[in-house]
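What follows is a pair of complexes built around subunit A, which joins subunit B in one and subunit C in the other.
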Partner chain A sequence: MTQLLLFNVTNGLIIGAFYALMALGLSLILNLSNVINFAHGGFLVIGGYLAYTITPYVGFWGALLIAPVLTAVIGLAVEGVLIRPLYGRDPLYSLLMTFGLAFIIEDGTRFIWGAQGKPVTIPPFLARPLSHELFFITGYRIFMVVTVTIAVALIFALLRYTRLGIRIRAATLDLEMVAAMGVNVRILRSLNFAAGIYLAGLAGALAAGQLGLEPTMGTGLLMPSFIAIIIGGVGSLTGTLIGGLLIGVASGVTAVFAPAASEAVMYVLMAFILLARPRGLLGEEGMMT
Partner chain B sequence: MTGTLSTRKLAVLLAIWALLALAPYWMPPLGGYTALGTRVLVLALAAMSVNFLLGFTGVLSFGHAAYFGLGAYGAGFALKFLAPSTPLAIVCGMMLGGLVGAALGWVIAHRRGVYFAMVTIAIGQVFYYIAFQWSSLTGGDDGLRGFSRQPIDFGLFKLDIVSNSETFYYFVLVCFALVLAIMAFILRSPFGRTLIAIRENERRARFLGIPVDRHIWIAFSLSCFFMGFAGALYALVNNFADPRGLHYSQSGDFVMMAVMGGMRNFWGPLLGAAVFVVLQDYLSSVTVNWMSGVGALFVVIVLFFPRGLLGFVRSKSQA
Partner chain C sequence: MATPYSSRRFDRRSVLKGAAGLGALGVASPFVIAARADTPIRIGMIDPLTGVYAAVAQNEVIGAKLAVDQINAAGGVLGRPLELLVEDSANDVGTGVQKARKLIDRDQVSFLIGDVNSGVAQAIAQVSNEKKILHIVSGGHTDSITGPDCKWNVYRVCNTTTMEANSVCSLLFKQYGKKWHFITPDYAFGHTLQKAAAVDLAKLGGTVTGNELTPLGTTDFSAYLIKAQAASPDVIVVLPQGSDMVNCLKQIVQFGLNQQIHVAGLQQELESLEAMPPEARIGIWMFEWYWKQPGIPGVDKFVADIRKVNNGKVPTARNWFGYASVHTLAGVANQQKTIDSVALAKALGNFELPPEIKLQPNKCYYRPGDHQLMTSAFVGEAQSGGAGDPEDLFRVDHVIAGDETAPPEDATGCKIQWPA
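The block that comes next holds the complex of A and B.
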């Protein structure tokens, strides 16, 4: 029983780390640019497939480093051409735009890489389980959690201590004022968008090794990320992080007792939050609501 | 001036209704079929219900497919478990979609903008999830089967909407006209004018003492009732209710139809729905990559026709 519980909690934590990584990227873009990026799952898929494609040339580690950067570059291009013209308009338009992009990306990946799932090989020493009793904790899973932790720590450090990060945070609060002080808001938004997409690409590259690759995998991860943001509170990155981990672990624990309800629990959590604390765990009243 | 305008409006209205009423006659020669026309009508009704909220109240719900789907399941359950009666099915579907929407609207009506959109998406997915998982009741992924629309007994005569697709088209058209009349009546009433005032300037409306949140809640609920009605009709069209009818991608399609046609125009969503359905039908018959086609359509409309086809035509004719 303890082992089963431990197994599912670990599982939930790993899934939760994924949700958090996805949701953080979404949240970054949402907070600064007021864009709900429906194509975020699509960028995750692109990251995964790019990693799969370049692994034969640069190896597993190289792919892990390069694929997210490439994804971010694609994101930068998409932002510059398709999303930038929409910033001044009703958020409805960027929503529909990314919604259409998600279609195109899913179809495009199917066209380029085929509808069949792709298996991804990981270095053998990462594939080994830690011990006999803890057979479910493979090296790769620990490695994933560590990588996510580092990435999240870096993003938070970037936002807290660098000039760019401070500007992003300031612009989230008052874009006009930051623009008036001479900051190039256009570049700021682009870099912020790229950072969000980088996180999606990283999640994709990591997911490739754990879940395998399918063109539709991004869509399945999108909704939990939305819920993570709502639970954590729109406007708060820390909240988003907690929200993601929370729904991951909650569905892991539920899976022990009622496997069928493991997905339902995140909707229940969301309903509870919406009723009891509509602004989310760490959301501030009045911000974006 | 106003006299000529209103005659022009009247002429346009007459033309629209004549076009709709004669659809079973002009569609087949153009390569269409009556059932396609029925589908366009039902989806247009749904898109207009979305637009009631989006275009006339200025509130973006991106989860309205949930109430559409609830309407469909409501109608299906009524036919399957209650009684074999078409009107009862429609009422049940409308009630299920509308009441659930009204209850949820009460919780979220004071939210705005992107946050409102996000919450409606997530709430909508809850119903998709329920319909998908509760297979003993809903049939899960396979959808709800085992019911079919029933002939309508008027006492003197029976209306055979089961086997005769033309009669069914006219039945749907009458329902469509009925709901549209109610919608237009509401929009022309002081209440409807207030909704437009909220859309134009919410802060000013608030200063005028209008209870904005309550108005938005009522508008949301009304649009959910309309949506449930459309969903019930959709279940009758297909004799089938599908969990994908509740999915957020369906919501996106409805919003797209409204935007594509022109969301500031009462008739815009009808045009949008017609173009969207025909295009999707055509694309999926000629290419397996129809998803890219639909996606590209979204991109093009957003970038180049943000005010929709009718808005585009209007600005051209004024220029």
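The block that comes next holds the complex of A and C.
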């Protein structure tokens, strides 16, 4: 039983890392632009399908590099045309807009690539498990965790050490003041949105290798990401990261005892944390109110 | 002053009016008659065109549309054309019910077909029964639809979950072993399929090492697979369908579990096999219909017809479900010369599908006692790639008649109550 539990904790951390990647993109956009991006799962799907489409021309590794960038470019266009006009309004407007956009992306994907799932082949050396006993740790899953770790480290470094990152952080705290100091907030928001969508595109390209492709795959991954943000605390990227890992582990451990409840446990955990600490684990009091 | 005769006399105005009236009648009559003949007979079709079952649902619609086109080209039903109205249930019971009411109340459909999702199919059946509309469940497999919850107006084309289990369990037991661990989708279809397989396994003398209930739409099966592996079964029996099954099998192969434990399942579909990488196409399964049947009349033509309307792709069992459902309705209506649901529902008992519609070697007919189509099971093994055709992803070893896989009518729990 102990071994089973340890296996599931490790497995939960692997899944949690993936949730965290999705959630970080969501969190970036939410913190600066106050947009609850319900279409984030849709951008994940776009990233996956773009990777699938360009793989025959640029190979697996090329697709992994290019597809997230292409997704971010699409995100940039969407932000400019659909999201930007709503910045001055109640967040409910952008929420409804992205909610509708999620359906449009799902149906658009189905229209372009078909309703039938698409198989994605990964390099053979990544497809093997680590060992007979640790069968659930495959080369590809390790690769995913490493990629997520690098992406998260880069995002944190960008926010901490670059001029752009410092401005994003400052604008998250006080947008008006940053604008008053002469920073072009419009460009800042666009770049920040593109960075968030880049993470969604990267998650999609990674998920394609793990899960295959299906127009609805984003929906199933979106809710855990929202929960990760709420648990970690709105406004805190570190909190989001912890939230993602936490729900992954909780889900994995619950699967040992009550498999059918392994999804519900995320919501239960969220409810408990909201009751005990409404701002989330590392959230700042008063955010999003 | 007018005399009694004068009142009967045709004056100029009356003659003119009469002539105009006759002329108008002469012109209008063909329209009236033509309008009656051209008024289409509407069939409502509800399937989850979006969501995890979108691929199979869309294939049912393609099959149904092909049947409608063929029937209309051959003169329609009772001289009237057929019209197919398709609605999306989105895998949601509430939406399915709402669409059923809309099709019946507003669009005035004469018949109903659907749904892929067993739970939605059951809910729609309640509505069709309340509205007294003949309804064919094309692709929802849970036993109770033609079991304890059967209705006088509801017939089913696809197999029941028990028929599926009965077709393949003994072979699995013989070839793979006696300790089975189930991965089961957590809704009506999965529950009855697992139960039927567990009953068969118990009869054969085997044991169930565990049953992992997975929510519909599960993307990561690793936690369930860790548990399954720890239970050391002989076989992992994969019961989820659609993209859930694709994900589950893909992860099993990535983890190398298929090197340690046999992997198989009951119901398999071409849509799922095509969505998997070649290495994940493994194990013994049953298909409900397969496109490669050398020597069976009508199959080659059906394959060619579907290829024409579906971007060159071969037909799947779902194409056949939609096709057979529409042809059943048209065939029985033309035979009985009515579209009255009660009369047709009575006539469908023992109604046999002709060779060009059944497209399989065994007799294919609707049982009067439970309204279930006795259709064959195509049992065999998934293959990584087709030798002659890239879509030939299954090797059929046995074609078992529906009469051999279905329990007796009186054992299904179905008691049909006909309307007074």
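The rule we apply is simple: the second predicted complex is superposed on the first by the 283 of 289 C-alpha atoms of A that agree within 3 Å, B and C clash if a C-alpha of one lies under 4 Å from a C-alpha of the other, contacts with A are read in each partner's own complex, and residues count from 1 in each chain.
Throughout what follows, a residue touches a chain if its C-beta (ideal position, glycine included) is under 8 Å from a C-beta of that chain, and two chains touch if they have at least 3 such contacts.
Worth saying up front: this structure is predicted, and the values here are computed from it rather than measured.
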Touching partner for A:L211 - first (subunit B), second (subunit C), both, neither: second
Touched partner set for A:I227, first subunit B, second subunit C, both or neither: first
Touching partner for A:L30 - first (subunit B), second (subunit C), both, neither: first
First (subunit B), second (subunit C), both or neither touched by A:E263: both
A:E106 touches, of subunit B and subunit C: first, second, both or neither? both
Which superposed partner A:L44 touches (first subunit B, second subunit C, both, neither): neither
Which superposed partner A:L96 touches (first subunit B, second subunit C, both, neither): first
Touching partner for A:L159 - first (subunit B), second (subunit C), both, neither: neither
Shared contact residues on subunit A - subunit B and subunit C: 106-107, 260, 263
Subunit A contact footprint on subunit B (complex, rising order): 54, 60, 62, 107-108, 111-115, 117-119, 121-123, 125-126, 129, 133, 248-249, 252, 255-256, 259, 289, 291-292, 294-299, 301-303, 306
Footprint of subunit C on subunit A - complex, ascending: 3-4, 7-8, 11-12, 14-15, 106-107, 110, 114-121, 127-129, 132, 135-136, 138, 140, 207, 210-212, 214-217, 219-221, 251-252, 255-256, 259-260, 262-263
Residue ranges of subunit C in contact with subunit A within the complex: 49-52, 54-55, 57-58, 186, 212-215, 217-220, 222-227, 229-230, 243, 246-247, 250-251, 254-257, 260, 271-272, 274-280
In the complex with subunit B, residue positions of subunit A that touch it: 30, 34, 36, 38, 82, 85-86, 89-93, 95-97, 99-104, 106-108, 111, 223, 226-227, 229-230, 234, 260, 263-264, 267, 270-271, 274-275, 278, 288-289
